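One structure is given below, encoded as structure tokens.
By written order: A, B, C, D and E. Residues from 1 in each chain.
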Amino acid sequence: DGITFATDWKAQAEHGGFYQALANGYYQAEGLKVTIRPGGPGSDNPRLLAAGALDIAIASNSFQPINMLSAGVDVKVVMASFQKDPQILMLHPDDPADSFDQLQGRPIFISDAAIAAFWPWMKSKFGYKDQQIRKYTYSLAPWLVNKGTVQEGYVSSEPFSARQAGITPKVLLFADAGYPGYSGMVMVNNSYLKDNRQTVTAFVRASIKGWIDYLYGDPAPANKLILHDNPEMTPELLSFAINEIRSRGIAGDKETLGSMSVTRWETFYKEMSNLGAVEKGVNVNNLLVPDLVPGLIHD
Amino acid sequence: MTNQSITLKDLSFAYDDIHPILTGLSWDIQKGHIYSLLGKSGCGKSTLLRLIAGLETPDKGSVDIQTNTPPAFVFQEPALLPWASVYHNIKLPVSLGAASASTAEIESYISLLGLDGLEDRYPAQLSGGQKMRVSIARALTQKAEILLLDEPFAALDEPLRFELNDLLLSLQDRLKMTVIFVTHSVYEAAYLADAAVVLNMGKLQSILPLDHNRSLPSSKQRSSHQFADNAARIFRALEEA
Amino acid sequence: MIMRKALALPLVSILSLIILWELSVDYFDVPKFLLPAPSLILCALIDNQELFLQSTINTLTITISALLAALFSGIFLALCFSLSRTFEAAFYPLAVILQVTPIVAVAPLVLIWVGIDNVNRALIIIAWLAAFFPILSNMSAGLKSVDRTLNDLFKLYGASNWQRFHLLLWPTAMPYLLASLKVSGGLALIGTVVAEFVAGSGGAQGLAWRILEAGNRLQTEKMFAGLLLLAIIGMIIFYAFSLLEYRLLKYRR
Amino acid sequence: MIMRKALALPLVSILSLIILWELSVDYFDVPKFLLPAPSLILCALIDNQELFLQSTINTLTITISALLAALFSGIFLALCFSLSRTFEAAFYPLAVILQVTPIVAVAPLVLIWVGIDNVNRALIIIAWLAAFFPILSNMSAGLKSVDRTLNDLFKLYGASNWQRFHLLLWPTAMPYLLASLKVSGGLALIGTVVAEFVAGSGGAQGLAWRILEAGNRLQTEKMFAGLLLLAIIGMIIFYAFSLLEYRLLKYRR
Amino acid sequence: MTNQSITLKDLSFAYDDIHPILTGLSWDIQKGHIYSLLGKSGCGKSTLLRLIAGLETPDKGSVDIQTNTPPAFVFQEPALLPWASVYHNIKLPVSLGAASASTAEIESYISLLGLDGLEDRYPAQLSGGQKMRVSIARALTQKAEILLLDEPFAALDEPLRFELNDLLLSLQDRLKMTVIFVTHSVYEAAYLADAAVVLNMGKLQSILPLDHNRSLPSSKQRSSHQFADNAARIFRALEEA
């Protein structure tokens, strides 16, 4: 039987490993029939997963699974595509600021998802205020015409668009400022996992293989699929994105790609729960499945 | 007793608490008779017809009708469907299954009312009198046992009015329907009605039986002594009101 | 009597719906992040009452401003259209375009246009965009339904355009306008919420913010509390206009 | 003649707007990510014609289905409401709630309800939610505007409910219904687009995706090409109903 | 020449291409005269009044009016504002600045038309005749030089009709307005009009000057030889049509 894997946006390089696994038949080799279901701005993977409409989906950031756990959803996280969250803030090139703590009081265009997730962390870490928030509805235009404003985005995406408009932005990566979360995780409904442990294991194995191949081999097969699925995607953007992911070490080392550390989860949770960004009293260990794929979860 | 078609008993009715319209009105309406209902403007004639037709419920008293078909009603306003052609307006009772006139019959009423050539017009394209005639034609196709006519001919010129008076008489002669028609024309009442009924102060002030010699041609009847006498009696009754 | 019945029945129907909801959530063991029980929603509402009150006030302010703007602009445009066929033919298409342009697409433009510091103005414009078309369309239809003879009467009396408007056109179009207000009242509200989604700022946090934040954190009972407040506001607007309709049209027939 | 003028003028007004636009973009040197010149938009449209054609067909299919559903349900509900005051008092509030509930909040519920694989069905339901209320509200108002004497006439003839409906109520409410169709036509379209945003998986390829993703990638001319198509569809729907209105109400006065 | 208040020259008019309504009608309407306009239902009487009032534009010919105030028009239907009370309906010309009657004057017309006590009613709460009286009162408050009345009294009972006829005569005596009124009642025309005008086949078939002895009391006039003679002449003219 088939398996539908839901991503969090239209096909893009940030999902490249999964597409590569699909394109190169890694899933097939494991005996899986995988369908990738692209998401969008309104796609609500956590709720759909919680309601049992989805079994396996991407968790965009570490907040999502924790929030689900605290809401009483039995969910597990089985791998992380990215060791560093690719979230950034973007500045106009001539902006005097070059670190996060110089941006107090500046209007920041930030998406709903980020407001619910990263914002409390940024507020407490850098002293930002709610008044700075401007909604980012997936158009860079308001930022582009307003010098002195700040734009949230993905390191692998928004800077490229800005360059297309003739602006090479300054980029500040959350992860570089100490943001401890993972990104591009695969989360699974636990009841599904219990009944389909083999399948999930095989899916994770194949996906990791796909990611390694996508980042360190020839990404062409996945790119072809992505370009087909998303007519607005361009080869230039794809190669830009791959390059950013590689050069900034977003996906970590080749050897440890996909892995997660228990300590890092605990650190993340402690920091965020102290900030009030997530509910207290959650045991993040419940998110992890230690020996699903040997070596993928370590201390 | 068996030839009573409508019995009104002790009818009272008011639209609001302050102005009583009918106050204990009783009337035995004989089958196959033509009644003309007269009275001051605003005295309640239209209301009485609506009560008889069952369109209003009396506050007190009862309306008792022995009939199988719904009464035909010509309202004081033409009450035509603005979106339907003259033909379809006239055919309405047939379309609704309230009557069963054939196409030929419908066409004959159209002719009798001088509406030939206007069949495809819409009400907004008619003169006042033409609209009223459509409404009359509609009522006639119904071939009802009871005809309630609220000033049906008021908007028509005298010659046409005379013609339609005679049409009504001949139809009544054939079909023996019970007719109650409101009119302000004493002469019309004097010519048409078997009895002139004067409504005043919420009651029937007088019911005057009228005599006719229907064997005479209509123009003779209209200049007869009997006719003048009828008219004079109605005038007198009205003056008393 | 009629009014009391008209008030009691909706309450009864809503109450029974709520009870049914509470019971079936319990009975079928519906997960609370799918559909929380009404009792939970109420708790969430009470626990966060100050937050919700402030958000409600914020949303309501925008809604009412947008509705007023929609009312005046819709009526004014419809009037201009009724005065000149040429003007109508030339500008109605633009109104249609405004109606069918997705708000997410215009939001950035609006934000740039009014300046990123005038968020509330942007919200009002966006909510206005959502609310004004029904008023325009209905008012236009209403103006067209003027009785021909009454129109002639006013022509005869040499009535000025203003007299024709407020003594003839306005009352004629009233039933149409009221029907559209019931629609636009809701649209202004939902338009405000959408506007808050796409253009809101962190400064003034409306109900959209509450709903979104709670939704993102899977605090579904809090999200539904926000939805409940929306429903209540929507209902108040709707029944206010229904009452107005009843009052104004009572004597017509 | 009138019809020709009614066709020519909107075209002229739109054309002159476009020319003005082209010239001022050129003159003021407006950056293309903000407002691309019409010529660029046209190029984007032509370059991606197959893609846009497919997207347009997808969006249009949903729109029309939703509009039909809204039409039937709106009319049917309004009829039920007009037959029973009790029913109206009990269920109108629910309709109001449906109208003011933000689509983003209900989208997951709808999606779960129809099943995650029946995206199109979810889209239709969501677009229907956006479109049905104006029809209900206007149809209700229209049904209330029935002429008293005509009503009496039908009572007298012992007309059945069905006859009363299709020979009296339906034509009476027609001007109201047509006004609401012009509103709901646009709302069904925009509702479809919003539905594609919130419930469509990236796999479904309606116009919403062209607009959003192109906007996100700053391919603004492509985004505007999508908006242009929306505007054209909206206009076609609107003028189709206008024509219908003209035809149907011609003989009324 | 100077006492002509309206001149119609060679008027032609049609609503559509097939049915001409007026075909080259000419009429010199004398200032301060009362004309009654008669003719078959649908012959174009209302249309002619509308042309005179400027509510329709002639296809050919001209309508020439020497007057400062807009004419008063009583339409065949009451044409009341449904949302305004009786009082406000009557006051409408004043509200619109088309007339300048004082409150006392308005109230006096309300009394003269027997509408006392109905001032606060809405049109939907009136009888047919009451509505028409409101319309007449509205026209009278205008104190216009020209009065165009389209079957104003058709819906009223005979006594009231007589009263209003005399009211019209006395007003005319005081104010010397030019009156054209459409009627189907030959007797009304015979009593009221200085000339009876018969419209037929799109032209004025005849203009019959009528004689009266206004010094007699009205009931005497109505039974006078002159009156009978007037009526007979009009009947004859109508029969020719």
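Convention: a residue touches a chain if its C-beta (ideal position, glycine included) is under 8 Å from a C-beta of that chain, and two chains touch if they have at least 3 such contacts.
It should be emphasised that the depicted structure is a prediction, and the values quoted were computed from it without experimental measurement.
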Path length in steps (a step moves to a chain that is touched) from chain A to chain D: 1
Neighbouring chains shared between chain D and chain E, ordered by label: B, C
- request: Can you check how far apart chain C and chain E are, centre to centre, with Cα atoms defining each centre and the answer in Å?
  value: 50
Query: Between chain A and chain B, what is the separation of their C-alpha centroids in Å?
result: 84
- prompt: Any idea how many Å lie between the Cα centroids of chain C and chain D?
  reply: 17
Message: Among all residues of chain A, which ones touch two or more of the remaining chains?
response: 44, 47, 51-52, 138-139, 141, 145
- prompt: Can you list the chain B residues in contact with two or more other chains?
  reply: 77, 124-125
Query: What are the residue numbers in chain C that touch two or more other chains?
result: 34, 104-105, 108-109, 112, 148, 197, 212, 215, 253
- prompt: Which of the chains are touching one another, listed as pairs?
  reply: A-C, A-D, B-D, B-E, C-D, C-E
- prompt: chain E touches which residues of chain C in the complex?
  reply: 147, 149-150, 152-159, 163, 167-168, 171, 174, 251-253
- request: Name, in rising order, each residue of chain C that touches chain D in their complex.
  value: 5-6, 8-10, 12-14, 17, 34-35, 85-86, 89-94, 96-97, 99-102, 104-105, 108-109, 112, 133-134, 137-138, 140-142, 144-145, 148, 175-176, 178-180, 182-183, 186-187, 189-190, 193-194, 197, 208, 211-212, 215, 223, 227, 230-231, 233-235, 238, 245, 249, 253
Message: Touching residues of chain E toward chain C in the complex: what are they?
response: 50, 53-55, 70-71, 73, 75, 77, 79, 81-84, 92-93, 95-98, 122, 124-125
- request: Give every residue of chain A touching chain D within the complex, in rising order.
  value: 4, 6-7, 9-11, 37-44, 47-48, 51-54, 138-141, 144-145, 161-162, 164-166, 229-234, 237
- prompt: How about chain A: which of its residues touch chain C in the complex?
  reply: 44, 46-47, 50-52, 67-68, 70-73, 107, 112-113, 115-117, 129-135, 137-139, 141-142, 145-146, 149, 278-279
